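Shared between the two complexes below is chain A, which has chain B as its partner in the first and chain C in the second.
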Partner chain A sequence: MSTYLLCIKTVFRKNVVFRVDYILGIISTCLQIFISCAIWKALYGKHVEINGISLAMVTTNFVIGLGLTNAFRVDDSVIQRKLRDGSFANELLKPINIRAYILAENLGDILFRILTNFLPSFIIAVIFIGVLPPVDAMAVCYSMISVVLGFGVFWALSSIIQMTAFWVMNVWSLSTIKNVFVNVLAGALLPLWFMPSSIMKIIKFTPFDSIYFTPVQIYLGELSGGDVWVYYGRQALWIVLLYSVSTVLWVFGRRRIVIQGG
Partner chain B sequence: MNKPLISVSNVTKIYKINQRVNGLPGQIANLLFPKYVDIKAVDQISFDINEGEVVGFIGPNGAGKSTTIKMLSGILFPSSGEIHVAGYVPYKQRQKYVSHIGVVFGQKSQLSWDLPVIDSFELLKHIYKIPNDLYKDNLTLFSNLLDMESFINQPVRQLSLGQRMRSDIAAALLHSPKLVFFDEPTIGLDVVAKERIREFIHHINKEQGVTMIFTSHDMQDIEKICHQLIIIDHGQKIFDGDISGFKNQFGAQRKLIVEFEQECEISDIKGVTIENMENHKKEFCFHGEDVQMKSLISSLINSYEVKDLTICEPEIETLVRQIYERGGHI
Partner chain C sequence: MKDPSDNPLWMYFFYSHNTMKSWFQYRVDAILRSLAVFLREATGIIVIYITLTKFDDIGGWNIDELLFLFSLIFITYGILIIFFTGLRDFENIIYDGSFDRLILRPRGLLFQVIASNSDWFAAIGHGGLGIVLFIYSAGRVNIHWNTITILYYLAAVLGGVLIQGAMFLVFAILSFFIVKASKAQELIYWNMRKFSGYPISIFPKFVQYMMMYVVPFAFVNYFPAQYLLRKDDMHQYPEIYLYITPLIGIAMYFIAYLFWRYSIKFYKSTGT
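Take a look at the complex of A and B:
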């Protein structure tokens, strides 16, 4: 365990070095939030509510959703890269769980971005755009748990793409397809309240809305009491399902690796 | 008879290679219906290695050495056959197994490019969970034997090849593994550096009884370090035994070079081929079983005016070259 904690710490420390990088990151996240909010402000015009959804709710959705989108970034090509440069062989020679190690690397990155990108952008957005306060103090805690689970879903999904590197030499196209689905169906481009109900029915059977939208709904109090636990359960189920798929790919992929270069 | 540390039986590794076709129509057809060819990198290999042995594993480029080493170290899955090392099946119990072995790839460093050597060692200490005392002992021992104090605080990218190789070897041995694989550890090194590495390997094997498997194209490495020799070619094992056995089996051809006082004609001797060289020298080649060296020399001295004699013992390098050139068919 200590090895993996050490890895999280090392990645975190490695990130701290690139100061310009995280300042630009904050600016980029803030710009995305401001632009989306400005568009929706224009769309709302004089309306206070559309379909029972207020502009403030939409804004809050974007601040949290886009904020998390920028924090949750998992390198889909990590295994592809290791296979290409041959470092995968070196890692196989270490008594470590390689997938846990990759997760630890990802967690180091995510923790870093939550602290240096999500939180500053959130504070800036609260000051300059205004965000709805959470319905109550408990909702903050509940939605934070949901954020962690949401990350789990997102990571497991990316992990599947990572594993495809055993079959395809370039995972870029698969990764792009996945990102399009996540952007559209997870509510980062269009808040899921405005999705046509027919599409929404389909989305309910996909993992995508459990990534960003569930935490937002809990924060806003749209889900409360027993519902919260049902949605946690849904998130957990998706983690288990997607992770199992990734495990199967890992087991079969490991058998067919060819070490590049001698 | 103890159970061997490594036992390999009927191991085969097949690579599927996409057969590419030239020309656009062929390439499009290949895109839609790819054709694969099976390449047998390792073909039905079996051998045993006992604890404490140093084994030279040699063969020409592309013979399947590295593939075998990678299967033994748990990186690759064999297509068929069984491998048991120290009670583990390497590819199935990889995570547990690899803490008992060390691997040195001469062509690839295992150390972090940007970190000072000592930092990489510290990282390995964590990864292998090396107890503090053992770590300190090994570090002192290796930095003395391999003379590493002067560069241990430098980043790996600033090291010379010899320094990097020494660091890599120390890194592979830090956790006191039972078994170490060396894949061309002396490649590209100068004579002094090679010698130092050979001495170190010899020392570690003698003092700690570490079992070692060694691939190299430098036959001096093999001759100086190894007890046992395994030769493979085209994925098949063609020799397995000790070095003197190897010389007996393949080195039956002996050679005598004689310098005569003056040019002379030598009548045919049964079983000996004679070749003329410059300066009244002649080369006599024969098989040890057919002709006795002693009787040949005495008959030459009695019949001709001999100025000088040189007996050429078979060198491993020459023998191995002959085997490679024959393409593995003995």
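Take a look at the complex of A and C:
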């Protein structure tokens, strides 16, 4: 376990070196939030509420959703790269779990981005754009747990794409197509309140709304009491399901590789 | 006998033929990649299309007019990327040292950078999406297509390609002076491009000025579309802006080219 914690720490430290990067990252996230809010302001026009949803709720959804989108970034081609440059053979020899190691690397990156990108942009957005306050103090804690679970779902989905590297030549296309689904259906670009009900019925059977939308709903108090635990359960179930698929691919995929001499 | 490689056009086709061969080496992969680009770029369109089923319009623009506005961005980019891929990836060309190799060859530098690569998947993905959107929206919006409007449209597309090409050229030149110029391009160019499909009149003044005078996407799609559509929100901008897209394209590209000729003297190899 300590090996993986050390890895998280090292990746975190490595990121600290590139100061200009995270200042530019904050500006970029703020610009995206700022412009998205302008678009929605134009859409609302003179209306105060549409379908019972106020502009402030939409803005809050963007600040959290887009902020997390910029923090949750996982390199889907990590296995493919290791297979191509041959380092995969060496990794297999090391006494570590490769997938846990990849997860540790990702966690280091994401922890760093949450602290240096998400939080500063959130604070800037609270000051300049105005974000609805959470319904109560507990909602913040509950939604933070949900963010962690949401990341779990996102990571497990990425993990499946990573594993396809054993079969397909280039995971880039699959990864890009997966991202299209996440972007449209997870609620970061389009608040799911405005999804037509027919599509919404389908989304209920997919993992996508567990990623960004559930934490937002808990934060705004749309889910409370027992509902919160039901939705946690749903997020956890998707993590288990997607991770199992990834594990099956991993077991079969590893058998396929042939390692030739150096 | 005259050497055929003296003819730049012949040279260009020779280069293109080779890049196409390498890009389409793996058929299935090529189709999947083009499809992925197409879908990735369509994301924003799908989102706004679904959104506008619940709202009437955005700043007075209905969905068909909005898609027409988007189509200009994608069509111009699809054409642009056939020619300017080398400038998009210019930083890499400098880093891996292949720029040094180009300097040694007895042909124009910019010509070689432009001719040596074309991102065909981006061209198919962006261009394809642009054409789909154009076909869908051109008949539905209130445009009277005749010889003049068609000629204007073609000139505007050409101007739009040149405007974006000039921006690519400027960002490429920046890599002579600063390390990681792509960061600046990411922040200024690509971030603004994400929102360039919307009518600029809905944005705060600051963003409008950025779109008109810093990264002039407004002249790529908004003003040409306004010439054809004449929406009400045009009255806040000078009327002359409707006509000058091609001129701006030529002028920007010419100035960027002079800047390139001047800056090339400062190039220092990275030594790799």
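One rule holds in what follows: the second predicted complex is superposed on the first by the 258 of 262 C-alpha atoms of A that agree within 3 Å, B and C clash if a C-alpha of one lies under 4 Å from a C-alpha of the other, contacts with A are read in each partner's own complex, and residues count from 1 in each chain.
Keep in mind that, in the parts below, contacts are C-beta pairs under 8 Å (C-beta built on N, C-alpha and C of every residue); 3 or more make two chains touch, one makes a residue touch a chain.
Given the structure is predicted, the values throughout are model-derived calculations rather than measurements.
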Which superposed partner A:89 touches (first chain B, second chain C, both, neither): first
Partner chain in contact with A:35 - chain B first, chain C second, else both or neither: second
When both partners are placed on the shared chain, which of chain B and chain C touches more of chain A: C
Which superposed partner A:124 touches (first chain B, second chain C, both, neither): neither
Contacts of A:24 with chain B and chain C, given as first, second, both or neither: second
Touching partner for A:115 - first (chain B), second (chain C), both, neither: neither
Contacts of A:145 with chain B and chain C, given as first, second, both or neither: neither
Partner chain in contact with A:176 - chain B first, chain C second, else both or neither: second
Contacts of A:200 with chain B and chain C, given as first, second, both or neither: neither
Touching both chain C and chain B, counted on chain A across the two superposed complexes: none
Parts of chain A lying in touch with chain C, wherever the complex brings them together: 20-21, 24, 27-28, 31-32, 34-35, 38-39, 41-45, 50-51, 169-170, 172-174, 176-177, 179-180, 183-184, 189-190, 194-196, 199
Touching residues (chain side chain C, partner chain A) in the complex: 26, 29, 32-33, 35-37, 39-40, 42-44, 46-47, 50-56, 58-59, 183, 186-187, 191, 194-195, 198, 202-204, 207
Residues of chain B defined as touching chain A within the complex: 15, 66, 70, 73-77, 94-96, 98-99, 101, 103, 105, 107-108, 110, 123, 126-129
Chain A to chain B touching residues, read off their complex: 2-3, 6, 86, 89-90, 92-97, 254-259, 262
